[in-house]
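Common to both upcoming complexes is chain A, partnered first by chain B, then by chain C.
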Partner chain A sequence: MRMFATIAKLLVKRVITAIPILLIVSALLFCILRILPVDPAAMSLPPNATVEEVEAMRKEMGLDRPVGEQYGIWLGKLMEGDIGRSIHFRQDVTSLIGSTLPATIELAVIAMMVATVFGLAGGLFLFYVRGTRAEAVMDFFSILLLSLPEFLWSLFLLLIFGVFFEVLPFTGRLSPGFERPVITGFLLLDSLITGNLPTFFNALEHMILPCLALGIALSPSLMRVLRSSLLDAYQDDYIQQARLRGLSEKRILIRHGLKNAILPTLSLMGVQFGFLFGGTLLVEIIYSYPGMGNLMVDAIRNADLPIIQGAGLTYCVAVLVISIVVDSLYLILNPKLRVR
Partner chain B sequence: MLQHAKGRPLPLWLKSGRVQTGLVIIFILAVCAIFAPYLAPNDPNEQNLLSILTPPIWADGGDAMFPLGTDSLGRCVLSRLIFGARVALTVAFSASIGAMIIGAFFAHVAGYFGGWVDWLIGRVVEIWLSFPPVILSLILMVGLGTGLRNVVLAIVLVDWTRFCRVLRSEVIVLRRRDYVSAAQLVGFSHWRTITREILPGTLPLLITLMSLEMGVAIIVEAILSFVGMSVGSETAAWGQMIADARQNIYDAPFNLIAPIFAIFFAVFGFNILGDGLRRTLDTRLTQTERT
Partner chain C sequence: MAILSAKNPILSAQNLCVESLGAKESFPVLTDLNFSLEPGKILGLVGESGAGKSMIGRTISQYLPKGFAVTKGTLAFDGEDLVSMLPERRRSLLGRDIAFIPQEPLSGLNPVLTVGQQIKEHLLRIGLAPGENWRERALKEFEAVHLPHGAALLEKYPHQLSGGMCQRILIAMAFASRPRLLIADEPTTALDVTIQARIVKLIAEMQKRDGTAVIFITHDLRLASQISDEIMVLYAGRPAERGPAKQLFSAPAHPYTRCLQLANPTISGPRRGLFILPERMPGLRVLKELKGCRFASRCPNAVEACTEIEPPLADIGPNHIAACIRTEKTPQIVPPPLSPGREIASAKVHLNGEKLTKAYTTAWSPFAKRSAFKAVNSVDFTLGEGEFVGIVGESGSGKSSLARLVVGLDTPTDGRITLAGRDVTSNGRSEKAYRRQYIQMVFQDPQSALNPRRRIGSIVTQANEASGLHTGARERMDRAAELLKEIGLPPDAAMRFPSQLSGGQKQRVNIARALCTLPRILVADEIVSGLDVSVQAQLLDLLLKLRDEHGFSMLFISHDLSVVRYLCDRVLVMYRGKVVESGETETVFADPQHPYTRSLLAAVPPDDVNTEWSPVAAEAGYQIE
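Here is the complex of A and B:
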């Protein structure tokens, strides 16, 4: 009970502090994009529009008012869930983001699982071989891995498994000819709900390479932190005491060592998963994956301000949500923080 | 290992094999960048539309004119690779110096003065971190417009927080040292205390972070030029080469491998240098950990 109360308190506190952050972020976004040398009014009209028509459009879009007032109007509409209309796609930004965000979340969540598995396994392995010659080799190897960001991993995996061996697909979310059920927008979930197994496996196949790329790129830093936290934990007396009590090494590692070492790893994961969410942008472009990253880059190429603002804000919300979730997990796992 | 010219032993940090490896890699890149016009076999922008997507010299149909083949516009891959080092290194050095100056300044101010200054700077960093770096730099590039100077500016504006966060906690530790209190008692000004007493203590960390930041800057530039938001198309950059090769992945897979390897090589150089510096300069590490 007490734990729930503390977690609830933390959640409320974090959500309240997130509001001013989002306000400032949205104001910053608005300012950065307003100094652009492009005229959204002229862009949304055909090229043969007259100067008067452009002026009228500027008035209609509210571009003739001061920037502060424009921001106020934009914010007011945002509260109603309206972040404007795309200039290029001629569609509501909310619906564009709504149709691409689930794909990106699906990608990010599975990639986080991959990163966690690789990070934990690698960290345990690094710890296991401590003090041996293998450690020096592995240590060098992990710097090598750290030098390969998700951007290069995606291209690398694409070349090996997609082009040379031709074993895995590397464009889009689904092969042509597969039925695409739409319920929640999460393709894996939807195909399971409708019992459409061929679609499920095909979608899963498409996610292997992008998720591997994101997960592998993130894992070396997790490995290194877990290893050093385990080394720290093993300096403490309770490990020695557990040995004196005759517990097996495996039990000491899992029940005593890992339980304490997982906390620093977890707090790093919060930051890293935020970065991972941003990293999906590139992976999506490389694998032509129809998520928010592709939407964002398309918008940037077309100077489609409403989408850039909306998608930028969505990325921020996602990062804040991830950090709040990880902080709550931290609290659940860390008894020291629970007692006030 | 290397011996100093006068027979004096080398400083500890230069004896590290990692630091030496990193420096050699960076030296090779710097030579490529500085002497690019003499090293490159062709003009990196010259289009040979009669010989597009030729394979490298060792493959069937390779042309001795283009040792690593040509891209979709018939431009020499090797020459573009060599000229691309210019953009990469310019961005690496100037962006990391800029980010270091801003980040270190705010870190020292926040850590030294504490109180509301620290609170304010902490909140600003928090807001910055709620943006994934890739997204923030892309949005900044939209606002600033393309060009080498703006790429550097965007990276500085995004990455100063990396320095600020890490250095601030280091400054807080150092501020409590006796010699800092002594300096304050003697009547050193705040500025003098920070630059004379605290900065020498944070310098090792600062140098290490800078070396790692150079690697990060190279990746960010490659990402930006990959999506066409970096230098203009008239300047050869590794990210652009990747974007071009991605379009022709079946016809010329090697065109993709070359720039990937170049980026990896450069980032690895800076990372291994940073790791070596961390091991040798960090006073908190014990002697055994260093070797």
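Here is the complex of A and C:
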């Protein structure tokens, strides 16, 4: 019970501090994009529009008013959930983000799971072979893995499994001809809810390559952090004391070593997950995956300000949410933060 | 040579040798160890750090450091050889029949598991009686070690408890299986004197209850003589002397035992000088080439014959053996006279604190009311020119907080500090600069106080950087050479890094650094705790010598009352932020007025083994835990 109270306290505190952060980010987004030498009014009209037509459009869009007032209006609409209309796609930004965000979240979450599995397994293995000749070999490979970025993995995996062996699909979220249920927007979840197993498995197949690429790229740093925090934990007296009480090495590792070593690994995972939201961009492009990354690239290419603003804010909210989740997990796992 | 054989020893070592086996060279760690321990007896293992005391415990568990191995002899537990037995068999003995109590109670428990989770794990491993609930059993075990509120304790995490409570929990766990052998490796070194006394008494009580044989490892000969039946003094991996505790302590036969005894300041009777053991124990690497007695290079009684053959362990008396060819000369080793020049009569007051108070308030939070805690509560004190004033008390009594106020690391919330006639209470920019000229601080742990990436020469002259004077490389090297000479280090030490020095040498550097700009006042926070008595004696005499040369005064914070008695002219006794008693050291210690001072003094093991040590009686009403 006490744990829930502490976490509730943390949540309240973090939500309160999130408000000024969001205000500052929104103001920054608004200002920077207003400074850009791009005229949204001219862009939303056909290229042969006259100067008068552009002026009329500027008035209609409110671009002739002072910047502060414009920000006020924009913020007011934002509160109502209206981020504006995309100039390029001619659709509400909210619905554009609403249809791409779940795809990216799905990608990021599964990629993080892959990274966690590889990272923990690799870290434990690195720790297990400590002090042996195998350690030097493993060390070499973990550095090799560390130095390969996710887009290279994307290309390797795509060429090997998609093009050469032709065993896995590598474009989009779903093959043509599959029914696409829409409830939450999360394709895997929705197909499970509706019991549409063919769609579920097809969508899962599409996720394998991009998630592997992201996960493999993230895992080496997790491995190395876990290994070094395990080594640190094993310097501590309680490990020696557990041995002297006759506990088995396996039990010492899992119950005593890993439980302490997981804490630094967890904070690294939090940071990585935050980066993953921006970092799926290249992978989404390579696999033509219809997520936030592709949307963002289109928006930037077309100077589609409302989308850029909306996506920027979404990113900020996502990072805040992730950090709150990680901090709560930290509270659960580290009693020093929880009880005094 | 006498091999002490008991009828049914629980543990017996015969010609036990442990070596560190390197790829290129190997060297001895323990040499020809013979001893046996009967059920229900306590064997005290004494010696300086590096003597091999802890290695015996590690050999019993066979968790030796990498590259170390038993190369000769046997170590039998109840007739079974621990060295050659299958690891699985040995592991089944650990925690059940052979239990360990660690040195650092706080880190001996896993920080992310509750006490309950940890004792449950242990109880389930050693096995419960049919139908017995682990929780009830845990509470029973807690009761046996006098831990109140056992049920609440099960839910706590180690960081919520004091060191003394953690040690009691570890003792409860160790005795839960009614072990036949217990190894306690410096179990009280990290604890306050009063708690040390209680923990030692508790181990003795539990040991009597179960008839457990105990190996009690300590660097404190006086403590060992109080608790043990027999004592073995180790020197450089080899037994120097072994005998019944009382006899060995009152009439030591080996010069090393005698020197250790005389290096430790007394707590009662007339003050005497400290015997300074020169240098330090030969390192493991040199032992192989060393001919003759390993102690010869430091022995005041050594003659040429001592460096030729290694002296065998010879009978001295009943069950008493020593490895020395001139044991009859040992009683002739006497402490030097008290260092002269201790009477520095001066009425000039350097530093004056009036009603000094430091209150801490809890951090602001919308969920809890802020509360204040007075770490230092209305303390008055003075420090005269050339005077050494000791501050004693348990941890949490406010000693270190007071030191921080004096050096200006903290600003008092109330009261006044006057330094050489100027009020420095406000601790502003100019007060700080003024204070720096006068006061320097020496920190407790040289390991973390010295920047590992700077050379000693640059560390000791660090104060020049702050003062902005004599910052030229040439000037600094010259000053460093002077300082190193004063503290007794070779000039080439200036080019070394802290990691290349021993613990005692590092603490000397720590002192030299504080002395660089010739301050008038030193504030020293526990600077000799955790050091061997031999190194401690060297440092104490160094401080006295430096005072004779430079005439500085010092606030000396320590939990070790005998050290304060030896070094300090006056003493302040602190309890919960307040000074409960103060005065001339000898007067206060000879005739303590406050019950808290009496309980502190009673907690120190007496100098005379025949005096009964009764720490518990005097402490009533003054318990921190």
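Rule of thumb we're sticking to: the second predicted complex is superposed on the first by the 339 of 340 C-alpha atoms of A that agree within 3 Å, B and C clash if a C-alpha of one lies under 4 Å from a C-alpha of the other, contacts with A are read in each partner's own complex, and residues count from 1 in each chain.
Here, a residue touches a chain if its C-beta (ideal position, glycine included) is under 8 Å from a C-beta of that chain, and two chains touch if they have at least 3 such contacts.
The structure displayed is predicted, hence computed values, not measured ones.
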Touching partner for A:N334 - first (chain B), second (chain C), both, neither: second
Touching partner for A:L101 - first (chain B), second (chain C), both, neither: neither
Which superposed partner A:L266 touches (first chain B, second chain C, both, neither): neither
Partner chain(s) touched by A:V283 [first = chain B, second = chain C, both, neither]: neither
Chain A residues touched - chain C or chain B, whichever exceeds: B
Chain B versus chain C as contact partner of A:F151, first or second or both or neither: first
Chain B versus chain C as contact partner of A:Y238, first or second or both or neither: second
First (chain B), second (chain C), both or neither touched by A:G246: second
Sites on chain A touched by chain C in the complex: 9, 131, 236-238, 240-248, 255-256, 259-260, 263, 333-336, 339-340
Residues on chain A engaged by chain B in the complex (per definition of touch): 21-22, 24-25, 28-29, 32-33, 35-37, 143-144, 146-149, 151-152, 155-156, 158-159, 163-164, 271, 274-275, 277-279, 281-282, 285-286, 296-297, 300-301, 303, 308, 312, 315-316, 319-320, 323
Residue numbers on chain C that touch chain A, as the complex places them: 61, 63, 66, 91-96, 99-100, 102-104, 107-114, 121-122, 125, 156-157, 159-160, 170, 173, 367
Partner chain A, residues of chain B touching it in the complex: 126-127, 129-135, 138-143, 145, 215, 219, 222-223, 226-229, 242, 246, 249-250, 253, 256-257, 260, 263-264, 267-268, 271-272, 275
